[in-house]
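In order of appearance the chains are A, B, C and D, and numbering begins at 1 in each one.
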Amino acid sequence: MHTLYNRALGGRSGTVGLALLCVLLFLIFPLALDNFRLNMMSKYLSYAFVAIGLVLCWGNGGILSLGQGLFWGFGGYCMAAFLKLEAARNIAAESGSDQIRALTTVGLPDFMDWNQITSLPYIWYPFKSFSLTILLVFVVPTLLAYIIGTAMFRRRVGGVYFALITQALCWIMEISFVTRQGWTGGINGITDLRTCLGWDIRTKSAQIILYFLTCGLLIGCILIGRFILSSKLGRILVAMRDGEDRVRFSGYSVSKLKTFIFCVAAAMSALGGALFALNVGFMSPKLVTIEPSIYMVIFCAVGGRNSLIGAVYGAILVSYGKTYFSEMFPNLWYFLMGGVFILVTRFFPDGLAGAVDYLGPMLGRKLFSWIGRAQANFPAAVVPIPVEANEGR
Amino acid sequence: MPLILATSFAELKDIFLMQGFAGFSLFAVFLLMALGLAIIFGQMKVINMAHGEFLTVGAYVTVFLSHMVVNHAPKLLPYYFPAAIVCAFVVAFILGYIVEIGLVKYLYNRPLDTLLATWGLSMILQQACRSLFGAREDTATLPEWMMGSWSPSEGLDIPINGMFLLALAIVMVLLVYALMYRSRWGLKVRATMQNRAMAGAVGINTKRVDRVTFALGCGLAGIAGAAFTTIGSVSPSAGSLYIVDTFIVVVFGGAASLLGTVLSAFTIAQSQSILEFFLTGVLAKIFVLVGVIILLMIRPQGLIASKVRR
Amino acid sequence: MIAELEIKNLTVSFDGFKAVDDLTFSVEHEELRVVIGPNGAGKTTLLDLICGKTRPTGGSIRFKGRELSRMQENSIVRQGVGRKFQTPSVYPKLTVFENLEISFPRGRGVWGSLFFKQSEDVRERIREVARDTYLSDHLHTSAEHLSHGQKQWLEIGMVLIADPKLMLLDEPVAGMSVRERQQTADLLQRICRGRSVVVIEHDMNFVKQIAHKVTVMHQGKMLVEGSMDEIQANEKVREVYLGH
Amino acid sequence: MLSRRIPQWLQGMLRGAAMAGLAAVLPLSAHAADPKFPTAAVNTTGLAVTDDVVTVGQLHSVTGTMALSETGSVEAERLAITEINKAGGVLGRQIKIVQEDGASDWPTFAEKAKKLLVQDKAAAVFGCWTSASRKAVLPVFEKENGMLYYPTFYEGLEASKNVIYTGQEATQQIIWGLNWANKEKGAKTFFLIGSDYIWPRTSNKIARFHIERYLKDCKVVGEEYYPLGYTEFQSLINKVKLAKPNCIYSIIVGGSNVSWYKQLKAAGITGESLAKKKQILLTISTTEDEVRGIGGENVAGFYACMKYFQSLDNPNNKAFVPAFKAMWGKDSVIGDVSQAAYLGPWLWKATVEKAGSFDIDKIAAASEGVEFKGAPEGYVRIHKNHHLWSKARIGEMKLDGQYNVIAESPDLIEPNPFPKGYQ
């Protein structure tokens, strides 16, 4: 029990960081945000899964993948395929654009109709079953990551080259998904997802439940991440990042270890993608391609590439910043976002987590003295944003 | 294919020739794009995601000049293009110089961070172009002699802009070769990139070399941008279309080798062009990308890379 | 006696340049062999070839009768070959203890390392190796804060903890003080009990102290082989190396 | 083009400041609502309608790759709204715009659409351009019961209570144009070319059916798609040369357009050279907006089939074009989609006035038969499937980037988003 406490929760400081995140996710956000913003928060959090995966494989393992969108997308598309089939089955019963409903073949996704596909492609058959879909959400991206990882790491493709190749893979996926529009919905993606096992995912209550589900799974992923990082494997990862040859000559199969952590990151991304499809109600190749994949890396960099919890804050902050800036300054937000990326890489290479590590003690001291003085007047305490770095060491 | 049977042999020959040239002009496009990056990424190891935006800057300089000429000195229209290329180079060079001083120089030993920072830079440059020139596409008015085709015989049309690109690409490669491998300055650059400390110790001003080299790469992108106004569109996001292709060409060639870049641009361009003719554009792109990835797996060091004792 | 390590007609060329050229030699059980030679003679390349970092163009490397030249690096390590590099390569961000723990030859698979438990015998073994390599006082120091010589020792310790049957040491005393050299010499004497050791070294006094047998390489080929005295007396060696 | 502009960001800031000023002034100057239309009566569902202001949303890409196409629509919609406000607004209420940026990203469109409907309670939204962005927001509009005025010509196969399609659906643009090519230009063989996404693919499918089933002795000799944003068309041009079609039928969109036409010219394919060989190039995707980026010299002599051209000769258009230029600069050009976007606010105003209410359900029901006589394209009427009755026209491209209107369908063409016999 004690070791589990140390390994998964990360000891005292880790527990505090996690607890604060939990308070924020489970208490403050649901209370402070209206339904619309809460649903957007679920969307941001589904990106955080990718960022956590990147902390494992990039921050700790030194493998920068610019293709995480690939796995995220496969997870999302698997889930979306299931939801779309269900929507297609119930299409006659749904209200909405009646003429479409009348003209659509029951049981066949609408975009297939538009593309003159008259029977369901075999590739879609597994998505008739919910359990099989959940399985595929994990298996397909993980298998893909396994194949890519084995092929690349065996051949010692690493660093920049690996990043660029994964980027190219992302591009291939986008082009193929767009061109096979009869199967995938093309550039429109898979839209208009309605119910999951008969449960309407568009209602307020469903969105709140999905939000909590997302948060729960996210915390789960953080715990798994911590478990990995606190194991010997975690230390080997760091070792590998700093000196691959030495690890190899200590008798480890570097390619296998790298493939493993890459697969873990892929599985987490896929889970995020699937939750995105549930939360937002559609999936599009635009979400899968190069640009979002770079954004995902940026979430991780802003949060602190070594810190699992930092990654969550990074994803929330950058996505929120994107939404906020683009609402407030539609013509200027590119400048602001671009500026943020430059400033972060230039001045805070360890991201928020690094900044908190650096500034935290200083602020903490000031805060204490301030609280000490202020307590006489009013008993308010300010909670500093909890971001820890270098966990699991 | 009955279609092909129906056409005469002479016609097939013409198509064959034109198709061959299509590959060459694509080769020129790839080469122009990749030259600057081959220096910035290949020599300096900076992953410049904003490379495409330097291209855009060059293109807008050309457009700007062409409007100036059309509005104020229409007589100069046939001659302005070479001047536009030089201006594009100069503007992109200066911009690159500023970027190096303000941003890149802090990131030399962190290649992956350059990727993130220059991504931010590319967003800023894109939006800056959009704010200054508007989001709509713009075009440079080309001199009459650069448009149309050269038709040595009936049915055979060789695009003049394609020939121009090819010639420009060849000249640029030769210039870069002379500069990097035949001049004293090139020696300094290579020395600095290979061993910064040692180069500093023998009295090379490595900081200055960095700045100029980076700016030179950007300037080359500016030239490419100017040249691309003859074949493509000018819009704030135009450059970003090229960036992935450009990286693939450079990486596939073997990052540090000029000859590798040339060979790789040629291979990729010809195979893409031929596949496009026999398959479709989309399939050709997919096959070429997959092919490049597989070859990179077999030869991670790229086409040309000297085996070194490690 | 059967040789532990047998190298036959080993050749490797880089773009036509033969760094190791038709080299044949063998090392016996519990032997401490020192390889010397002028710069560029191919010494480091030889070690690279043995431990799999570089693939030979031709020839064979047999260790305990097994062919190594086609194996992956990590399999070679699992055959009992350990390698210390010329410039100390330790994990700078990890402590001495963690450095040694990673090198401990258990839990080397993915799952093994994920569920690896740091039991008392592991800790004991780490402490023992640290004692041997004079690092007991620094167990919880981050490796980046060690002195150059201590890093060398740490790397030797990291190789040692895996209990290899053949140790390849590339310039183990470079950058060490006289006292540290002495300590290292003692360490090597102890190490070669129960295993074979191949050392590359430039420092002739140190070589004299430790070598059982010396091999002189020149331009990728073996020039002479023999005891230190024989080598020093040899005209050819004088010409290419010592005379300079 | 460069000289005329106040930088856009500055414009944006000025506009923002003006808006803030407006918002500050309005409550002070509040007076009783138009007594004929008390707010409680015209707004029963909690939309953002007060006694003197009604809030609408505008949702286009201001940034990203689509910004170049959508800018024209943004401008046209703003012009229409300004004109309506000057003329006294809608039911006595001034229109206030909340603008959101779709950023050329479909998920962002969905997010912003939801924001406009849920948070801003927009009474109507004018926006979207690509099919993909419309598909992304459609479920949102249906779920939150909003009203979208969508300006682009598109592939059809859709009809929603919550959308008014002010552009043409595919058959309105394609069938009459193909008939024209066949009858007037004698085209028998067609080469179909498109960017790789749903609109060109669906349009070409309809075109193929029409050519093969309904045009006598005609056939399709090639069909090709290229990824969006693609810039290398020389291989395609060689294929076209090999196939020698009477009609090159092009649905290439966005930035690719420029490369496509510049490379055609470079390969010796121009309006003139085609005419010599009794060939034509007919496009349904290249408007004045695109030609501005391509350069008239590269497209002169090609044909386009649209419902609107800037050079149309009618009184409405003669007022519209100068008004547009006065607002957005003398160099601006107006394409088919911009004109359709201009129709949106006017049609909405007419519908609201007909229904006597801002309520979405009432507007949706009242839309059928609403007409707009001041349309720059002449006259339009809303069909019960929420598309517009409109004419089709053929324009020949000229050196100056304008079109010569050389043919026009005699009657308004009925919108038929689910064409029977074309599936």
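Criterion: a residue touches a chain if its C-beta (ideal position, glycine included) is under 8 Å from a C-beta of that chain, and two chains touch if they have at least 3 such contacts.
These numbers were taken from a predicted model, which means no experiment stands behind them.
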Contacts shared by subunit A with subunit D include exactly B
Between subunit A and subunit C, the fewest touch steps amount to 1
Maximum number of contact pairs occurs between chains B-D
Maximum distance between Cα centroids and subunit C occurs for chain D
Separation of the C-alpha centres, subunit B versus subunit C, in whole Å, is 48
Separation of the C-alpha centres, subunit A versus subunit B, in whole Å, is 34
Here the gap between subunit C and subunit D, centre to centre from mean Cα coordinates and rounded to Å, is 74
Residues of subunit C that touch at least two other chains are 53
By the touch definition above, subunit B meets two or more other chains at residues 127, 130-131, 282, 285
Going by residue number, subunit A touches two or more other chains at 175, 178-179, 331-332, 334
In their shared complex, subunit A is touched by residues of subunit B numbered 45, 47, 49, 103, 106-107, 110-113, 115-117, 119-124, 126-128, 130-131, 244, 247-248, 251, 282-283, 285-286, 289-290, 292-293, 296-298, 300
In their shared complex, subunit A is touched by residues of subunit C numbered 51, 53, 72-74, 77-78, 82-83, 85, 89-94, 98, 101-103, 105, 107-110, 113-116, 118, 158-159, 162
Within the complex, subunit D is touched by subunit A residues 35-36, 39-40, 43, 96-100, 103, 111, 113-116, 175, 178-179, 181, 186-189, 191-194, 202, 280-282, 284, 286-287, 323, 326-327, 329-334
Note: in the complex, subunit A contacts subunit B through residues 64, 151-152, 155-157, 159-161, 163-165, 167-169, 171-172, 175-176, 178-179, 290, 294, 297-298, 301, 331-332, 334-335, 337-342, 344-346, 349
Counting only contacts in the complex, subunit D reaches subunit B at residues 1-3, 5, 7-9, 62-65, 67-68, 70-72, 196, 221, 224-227, 229-232, 234-239, 241-243, 255-259, 262-263, 265-268, 270, 289-290, 292-295, 297-298
